[in-house]
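Input: structures, listed below.
What follows is chain A paired twice: with chain B in the first complex and chain C in the second.
And then the complex of A and B:
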């Protein structure tokens, strides 16, 4: 990558904090991170197509490899939501697989190193053809917004619109409302920022780490960090999925925690609360 | 000005990594302790362990994002 440094020749590596525009389709700019997202989507879609055509009761090697995340995440979701896990598993699993594949696209050879010439602000520049999707804040922010909609809608579905609004906007001793409600709102909204920034920061820092190691050291050392990044990619995908699940659990169980929920909560909600209390 | 920016970015990530580093060490040490006392609990421990580490590490990531913002914008 050092030859990609472009304008400032003293730069060791080429670092772009946002996706770089490759070309325009009408008013839309197509960036290199979109190419990365497209690759991740194509990989996932073709794997899903293959499994749906060739699935057998006795799984082969690829099928059992693909079933492993389903079984693991399914088990985790089932332990927290004994009654509703069938509706909650698909979005959690989708987030996990998409983030995982998007992270691993960044580790493929040629990603970030194959450049194309584009016209940028009037002059010609070389930009990488593919950028891993999760090293772009747009991708992670979109996922975090989806997660936000997911756990808010689950909160509404579990407690009813009235119950959800009451939980969110009215504190338990009602005189605490002016103090607690802003904190509640900020903490709900800050989840979007923390979810998206965590994934973006991890993957982007990993990309920079790999590039720096490749520029500073010789053959074997970057390979060690590549292995490390492979672990981090899986861990970050798991973390994103598990945090979304945790937020859904918090939303479905209600926010108060300590106060008496027996008067308005249906029976399965009381179960969830008991489960949560037991888990801590 | 450019030099000051680089110093600021270095300080941001350096000081920002201090707290999460201590926190991660404490978290892992407690988890290992629990695992040593009760090895069968590893399954139940795994998800809260990963979540706790991720939430602690997020603070360092914020510092990193701030550092990158100082350096590249």
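And then the complex of A and C:
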């Protein structure tokens, strides 16, 4: 283990399960994962600003590349919700893009390797300046809670508050309610925890894997894992967005319903034209 | 998401519904385990708090397993509906 100037031993690989505090603004602690989230937000906002200013009817290469997620996720949402896709696409796409960019921030050079000296528990320590947002459970849990609010609100919009509460808290037949209500609550809780832990676990494990490979190997080997992490980052973003969509679909279906709207809607309607017009 | 035909072999999901099914498959495996863990942890905590062990732990196991089964049922019931 290398030693720093103060005589403290520093580990070869820096692993911290929670975001580390860089500085305080009053009582508010600013962590390195907040810096990662801020970078992801700035990148997304800049791209959105650029696209809104420079979008053309005949898209160029960059515009086509940026429109690809809209077309792909728009198609998936439209297949599930032919009449409501216009309201559902924006939050699903926002979740996808935010998670994607937040995951890719972790792959940038300097993230996790450039550190700052901070005083921690009375002694000096080196803390990475930037940590990918998804490698912090606070970020993934917050996103999962937003997804939870989304699918519950869609459940209420589709079935009405009374219908949603009845479906969640009153079983059919009613004498099963004492058993089914806790089951429903545990099932809803498992959704939030599953969404947040999956994303956090995958990105955090990826960060550790990259750090270990950088410490133990050299040259091309870490680059292979970097490539794998790029794939996993996109897959995890897609899984998070699609699961939110699936939960919305289940919430809007209700007990007696299914995806009935899908069977009533014509195969090609005005929305099809709108989706294409919105994409190009 | 339906792949079931009333009279005939199951139809392959089309290009637009397939991605949503991937997410569902990835999610179900995790929720099966998590539901039981949540039930047991809640039961153990309740028992510690009320000093009633092991009653709520056992109830938690039952509720957790029930929630895991319910997660599958919730997805499957749409597919079993007569069309």
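Everything that follows uses one rule, which is that the second predicted complex is superposed on the first by the 242 of 280 C-alpha atoms of A that agree within 3 Å, B and C clash if a C-alpha of one lies under 4 Å from a C-alpha of the other, contacts with A are read in each partner's own complex, and residues count from 1 in each chain.
Operating definition for what follows: a residue touches a chain if its C-beta (ideal position, glycine included) is under 8 Å from a C-beta of that chain, and two chains touch if they have at least 3 such contacts.
Since we're looking at a predicted model, the values are computed, not measured.
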{"item": "Which of chain B and chain C A:45 touches, first, second, both or neither", "value": "neither"}
{"item": "First, second, both or neither for A:202, with chain B first and chain C second", "value": "first"}
{"item": "Which superposed partner A:253 touches (first chain B, second chain C, both, neither)", "value": "second"}
{"item": "Touched partner set for A:224, first chain B, second chain C, both or neither", "value": "neither"}
{"item": "Chain B versus chain C as contact partner of A:238, first or second or both or neither", "value": "both"}
{"item": "Contacts of A:191 with chain B and chain C, given as first, second, both or neither", "value": "second"}
{"item": "Which of chain B and chain C A:176 touches, first, second, both or neither", "value": "neither"}
{"item": "Touching partner for A:76 - first (chain B), second (chain C), both, neither", "value": "both"}
{"item": "Between chain B and chain C, more extensive residue contact with chain A", "value": "C"}
{"item": "Shared chain A surface residues [contacts with chain B and with chain C]", "value": "76, 194, 197-198, 238-239, 242-243, 246"}
{"item": "Interfacial residue positions of chain C with respect to chain A in the complex", "value": "1-2, 14-17, 19-20, 22-24, 26-27, 30-31, 34-35, 38-39, 42, 63-64, 66-67, 70-71, 74-75, 78, 81"}
{"item": "In the complex with chain A, residue positions of chain B that touch it", "value": "47, 50-51, 54, 57-58, 61-62, 64-65, 68-69, 72-73"}
{"item": "Chain C-touching residues of chain A, taken from the complex the two chains share", "value": "75-76, 78-80, 179, 182-184, 186-187, 189-191, 193-194, 197-198, 238-239, 242-243, 245-246, 249-250, 253, 258-259"}
{"item": "Residues on chain A engaged by chain B in the complex (per definition of touch)", "value": "15, 17, 76, 194, 197-198, 200-202, 204-205, 235-236, 238-239, 242-243, 246"}
